[in-house]
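Chain naming follows the written order as A, B, C and D, and within any one chain the residues start at number 1.
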Amino acid sequence: MKKLWQKNQEALNPLVERFETENDLLLDHKLTKFDVYGSLAHAYMLTKIGIISPKEFGVLRNSLKKILDLDKKDSFKLKFGDEDIHTKIENFLINDSGKPGEKIHTARSRNDQVLLNLRLFGKEKLLEIWGETLQLASVLNSLSQKFEEIPMPGYTHMQKAMPSSVGMWFGAYAESALDNIQLIKTAFELNNQSPLGSAASYGVPLPIDRQLVCKLLGFEKVQNNSLYCQNSRGKIESIIMFALLQITLDISKMASDIMIFTTSEFNFFDVNKTFTSGSSIMPQKKNVDIAELLRSKVHVIESYFTQIINITKNLPSGYNRDSQDTKKPFIEGFDLTSKVIEMAILLVANITPKKDVLKKAMTEDLYATEKAYGLVKQGMPFRQAYMEIGQNLSAIDDINPLESLKMSKHIGGTGNLNIKNTTRQINFEKKILNTKQKEYQKTIINLLNLN
Amino acid sequence: MKKLWQKNQEALNPLVERFETENDLLLDHKLTKFDVYGSLAHAYMLTKIGIISPKEFGVLRNSLKKILDLDKKDSFKLKFGDEDIHTKIENFLINDSGKPGEKIHTARSRNDQVLLNLRLFGKEKLLEIWGETLQLASVLNSLSQKFEEIPMPGYTHMQKAMPSSVGMWFGAYAESALDNIQLIKTAFELNNQSPLGSAASYGVPLPIDRQLVCKLLGFEKVQNNSLYCQNSRGKIESIIMFALLQITLDISKMASDIMIFTTSEFNFFDVNKTFTSGSSIMPQKKNVDIAELLRSKVHVIESYFTQIINITKNLPSGYNRDSQDTKKPFIEGFDLTSKVIEMAILLVANITPKKDVLKKAMTEDLYATEKAYGLVKQGMPFRQAYMEIGQNLSAIDDINPLESLKMSKHIGGTGNLNIKNTTRQINFEKKILNTKQKEYQKTIINLLNLN
Amino acid sequence: MKKLWQKNQEALNPLVERFETENDLLLDHKLTKFDVYGSLAHAYMLTKIGIISPKEFGVLRNSLKKILDLDKKDSFKLKFGDEDIHTKIENFLINDSGKPGEKIHTARSRNDQVLLNLRLFGKEKLLEIWGETLQLASVLNSLSQKFEEIPMPGYTHMQKAMPSSVGMWFGAYAESALDNIQLIKTAFELNNQSPLGSAASYGVPLPIDRQLVCKLLGFEKVQNNSLYCQNSRGKIESIIMFALLQITLDISKMASDIMIFTTSEFNFFDVNKTFTSGSSIMPQKKNVDIAELLRSKVHVIESYFTQIINITKNLPSGYNRDSQDTKKPFIEGFDLTSKVIEMAILLVANITPKKDVLKKAMTEDLYATEKAYGLVKQGMPFRQAYMEIGQNLSAIDDINPLESLKMSKHIGGTGNLNIKNTTRQINFEKKILNTKQKEYQKTIINLLNLN
Amino acid sequence: MKKLWQKNQEALNPLVERFETENDLLLDHKLTKFDVYGSLAHAYMLTKIGIISPKEFGVLRNSLKKILDLDKKDSFKLKFGDEDIHTKIENFLINDSGKPGEKIHTARSRNDQVLLNLRLFGKEKLLEIWGETLQLASVLNSLSQKFEEIPMPGYTHMQKAMPSSVGMWFGAYAESALDNIQLIKTAFELNNQSPLGSAASYGVPLPIDRQLVCKLLGFEKVQNNSLYCQNSRGKIESIIMFALLQITLDISKMASDIMIFTTSEFNFFDVNKTFTSGSSIMPQKKNVDIAELLRSKVHVIESYFTQIINITKNLPSGYNRDSQDTKKPFIEGFDLTSKVIEMAILLVANITPKKDVLKKAMTEDLYATEKAYGLVKQGMPFRQAYMEIGQNLSAIDDINPLESLKMSKHIGGTGNLNIKNTTRQINFEKKILNTKQKEYQKTIINLLNLN
């Protein structure tokens, strides 16, 4: 297929073309609908500034909707020669609608189209991840409540330290997920800037209305400086990917804990049988492979993040083709993170604390600090009490684990996990998200009904 | 010196002690004042819950202020045997104030002390970086305004693309710096949570008042779940370091541009002679080493970031000693980023666009798109106009570069860089920062006057 | 399909199964033939120790060859439920050959099968990369010879420094490619150890003959300690990937140079038109996208490398499922590196130095050092000569660039690039590789003819 | 102090100078002796080609030896203004020996001096690391022998898998250390090329004798192409750092194992009390901090490695000042790796397997595979035997762990760890190293006695 930039017979060497376009041919179909959205808004704006007639806009809109239909039926796939989704769509429009199709590219460049597409794609995916992260927080918070009164040894340096609870352990990850929401929000906000109109990187000598397309596409503001629009390619992606990295990092840590807690030596949790696999050689094995694979995924996401940072890092100003290689890690990063969150939710819902084992694990040494505090309460300075207990560990009597948990009643202690407050926060965040989702849906509906 | 945890004669093997503590011995003096602040708030709270008498608090406060004085005179340095700043301070307090010193460690652990110290250190440093980044944005924005009307070729794929201006180039980095402010704010906010009271990682069976120490230390909120407090060690640092990474990434990109623009082939900028170095072998050389070293620093910051992420990534829940190795990259990361921003400000203030060279560089090919738009204005569809100009490049007449710049008058185009708006934003952000700085200063003053 | 480890009705949760196996389902077909090779050798050895009868071996060999045939016709693809290639093959063998199929897994584990497969895959791919790297060195060396006498400015700090030549520039990359061969050889050697017999990670209580399978599969030696075999999973891959990283790093650097040298400001090379692309908006553009994409690929390979290192880094001893995630970067890393080398060879063969431009670029300042040496030859100490020339740069007379090049006649100077020696080295290395390739082919033939 | 390149009054802006030189001022004293060695060889060569008279060489040699003496007494430290060690040394020579000092820089550049210094530094340090790695292998191999007959559960997926032994566990790391020796050797070989004479990056128009300085400095060969010499800056360092990364990666993995094996739940090893630390809050704690800090160090080394790779990755050909930032991670990487190996050796020598605990840990499930093989020996196909045992795990009778270990008598099985062979290999490698060390010492002695 002819390229937009082909002015005569010399075609690109086919080996070179394959090398240059093969990633896009695989990935760009994920951007089809966003390219259509952008084209709709752009064409509408061109109408407003008199480049395209209202009638031509109608023709283009119909052709663009055909693409959406084909895409829904998975019939708009790219093949070798199509170069990228932008070329394919312009060629389709020219074939389908003639002259109006030849006008659509006025005042825009594929550089800002792809930038726009990635912003819209990022927005849609961030909304998904945002919801999934809240769901994870919600599930973890419920488990924290459910197991609030089940004692569990607390570890530091991987050694028994002080009394903890299964509730505290789940709650720690719930709160961390809520902090991650802040990273998602910052990424969402920085992504929510309209780059359209930056053209190749330096704007265009035409009186385009960037504010209008910004509004039509539902962005919060126009990203101002045209060159900055292009320079932020990769930057915004890396900020998004950093939020995903933190999400998967927490899940990896949780999976690491689960791996340790489900060894036969610790044996703290029972894992649903449909979540364990056996060995092809050892008849007795029941492995928690799912936790291992959740543990490892953070490294994959980190490598996507680093790839984006590294590609972006040393490029000079203005568009550079190298940026194309940030697409794959960006798109795959979202897919993988969604799967990881989904699996993490499934996993935590399918492990059950073994009360008896945990009770036995609450050995006396865990209460040494509490004992020292007993002496403190009788007036002994802590450092002396510490020494005394330290030299007489055997003097620790039997303690009721549950009562002990309840003694830590300060904020965030085992006796006061503050779960209701976390629930309130989660619900508050869900409302915010809900508003954003509705705004987005409304934007798309309005866009498709432009005339 | 005796360790807090030493209960009898067996000391740590000295080789092991050296290996374990040498980084802390070098770095912990940077945390001294923050450990004192935390100790003041903690001791005051212990008074309120009846562990320490008001009189004992007075004694401790005096001893703690002595430490501040010694620290100011650089006389509180750690030496081999001191282990870390927490041990050194408790030992000092016991020596200096006796029994009250033996009480100070009630209900706290070195684990939450270091966590707290790093939060306070991070807060103070983030406020500095925040200010420096705004200053950089401000300088860049002024240069954007100053050189708004100096044309410069705009590049894509490192090839001449369309007309740009020196003002657009500076402006792109100003806007990027403003986006970085959002990352700094998010990091600031997540860092602004009080971990004190998390103790070893699991809270304490004593009725401590975490809300009180939170308020005394000027944090926005208590970080709730005790285990999460410790699990967030490294996490918060990585979020901060990510903001620093983006700042240095922009500066590196700007330095890369400067390296290209100051080659003798491009020759767009004149660099102040006191900013260039020569060669020991080649008499004619004038190198812009400073730009090279600003270009490279992002890799150093990235390695600090990655180190923190990687150390944190695979650790199980609860405190682990590995975290100690995140201190060095965290502390050095701040120092280096401050220097990099300072140097970047110096550098951009010492390069001057060469008007004549830039004028000559505005060759006809840069106007090919503009010419095509000329045909578009006459009614020709863009794709046809593109073909026509593409096959007749020689037909491009002489164009007045400055007038051409002005034709891009859409938002963020060369004719409308929107500088006033950026100035407004910068001033707005300066006010926000100013408020934060004053709050922080007031908190510290109040803290030192507790009684 | 039933899993090898399924002992009764409980199947794995299908969502979990999809998450756990989806990468293997996509990638494992690349390992089919290697799994067959390993199975042939293993079965033969089981015959020698009396577990399988010679007749049963014959049956198994026929079934295994059927798999090879199916695989050649691309008819042995994995689908959901197949789990991995090892499971699929054992199930096929049991279906196809009955009882002998049920015996094939005696004394082995999927853990050592995958380890073995990756070694064999790595060997075959390393031989390919080895050859391609030599070809690249060879092409670069020829270009170095061809353009030995074309002067070109030499740059340091991106500023004109001293006279260089196009030949020296190409030659630098030829020599670097030869150093990379050493890394490939080390990787090849460490990969050339037979892990078969390590079983799950701890060997088997059966008198297997590991030396025999090692010999049959053409490995140089048995990797001894069974646990080390499994612990080296990821380690060997990272050593291989490091060699690929260096190869792509050189190509990225060369592409960076080409990007600079083909700017209109430098304009040193002419690029074959079928290697440049245009812009969809700017009619005049001719971009060297291929160089940009070669420049960026090193970051992709680096991310594969880092992924493998990071996954491997924190795992405890013995097999862990996390290792599965090292397969994708390992397999894709080879594919991508091969393409990158192929494209680099194509690119350098399609750029031509512009003699006239280069001649004009040989400005006087490049000869300042030579002039200082002129004074040195007259007896002036160098530092004085340097000062004198440095203060009188205008005194540099016109110099004949070519004669100047020839004056650097020391080893590796522009007048003595030592190309013949490099040619000799390349030929020597080609012979070594040729021997390895033949050995490998012979091994496979013998293996397929075992009886 | 005046810079070599200062031709008149304009000095570098002092803020810029501080930023540009501060790392070198801290680090370059580690290169002093190597700069002296290089200067000796270079001056001698200049004598042979008639630039310096034999008498002048004598003067220079004496001045250079003065520097060595000062350096030994730590009296040749750099201070602000000295720029770098090369400038400091030339200035010293000019002050100390007058005219000959002004000649020393003929035909060389600081660019190839620093390249040379780093090669010589790298050589000396690699010889140290090589020896330390062999010592680690040796200690681990001895422990493998010592504990060959102490059973220990073998784990896969962190679940009990099959019988292993403490000897197998130690032996796995011994063998891995031996593989690392191959990486050290490759790094040593690639580092063992003389770059001297590459000058700024493009050689010199003087008839220098590169082969002579190569021989005098003990390099194996001249690194040919002058430009490649400079382009290999960073490349060689990254190859060396990769070897260090693998060494620390193994130690980190071993430390991770130790952390798990010393939890109270596993409790497999007794750690010497002088290797554990307590807690400031919990009287009962005994933590193995040393293992945690060995576990974390790999991330520091990895960050050094990545820093070098990343700085080097995007630079164009020829010397760039960015390279300066590779010095710190390179130099610190060696120091840290040496300490890590030393500590690892100390740690493994101070942990003792707890025989009783380990014996109890050898539970029946570990023998399921062995039982299945029992049925195999009676003629049942393995897959059937597997099913039968899998459904009747309780049927596993008591087994003698030690006899069971001995049953795995194939190469690398628990009954045949092949320790003697490993010992032989270690001794063989020690001889190779010994030869290299002696060669190096002899080279230095000869160099100092040149006349």
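Basically, contacts are C-beta pairs under 8 Å (C-beta built on N, C-alpha and C of every residue); 3 or more make two chains touch, one makes a residue touch a chain.
Being a predicted model, the structure only gives us computed values, none of them experimental.
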Chain whose average C-alpha position is farthest from chain B's own:
C
Between B-C and A-C, name the chain pair that shares the greater number of C-beta pairs in contact.
A-C
How many angstrom lie between the centres of chain B and chain C, each centre taken as the mean Cα position?
38
I'd like the Å distance between the centres of chain C and chain D, where a centre is the mean of that chain's Cα atoms.
24
Using Cα averages as centroids, what's the distance between chain A and chain C in whole Å?
32
Two or more other chains in contact with one residue: find those residues in chain C.
4-5, 7, 90, 105, 111, 156-158, 161-162, 199-200, 260, 278-279, 281-283, 285, 287, 289, 292, 295, 299, 302, 306, 310, 313-314, 320-321, 369, 386-387, 390
Seen from chain C, its contact residues with chain A in the complex are 3-7, 10-13, 15-16, 19-20, 86-87, 90, 105, 108-111, 199-200, 272-283, 285, 287, 289-290, 292-293, 295-297, 299-300, 302-304, 306-307, 310-311, 320-322, 324-325, 329, 339, 342-343, 346
Name, in rising order, each residue of chain D that touches chain A in their complex.
156-162, 259-260, 262-266, 278-279, 281-289, 292, 310, 313-314, 361, 363, 365, 368-369, 371-372, 386-387, 389-390, 393
Spell out the part of chain D that touches chain C in their complex, as residue ranges.
4-5, 7-8, 51, 90, 94, 99, 101-107, 111, 154-158, 161-164, 168-169, 171-176, 179, 182-183, 186, 189-190, 197-211, 222-232, 235, 238-239, 242, 245-246, 249, 252-253, 256-257, 260, 295, 298-299, 302, 306, 309, 312-321, 369-370, 373, 376, 381-384, 386-387, 390-391, 404, 407-414, 417-418, 421-422
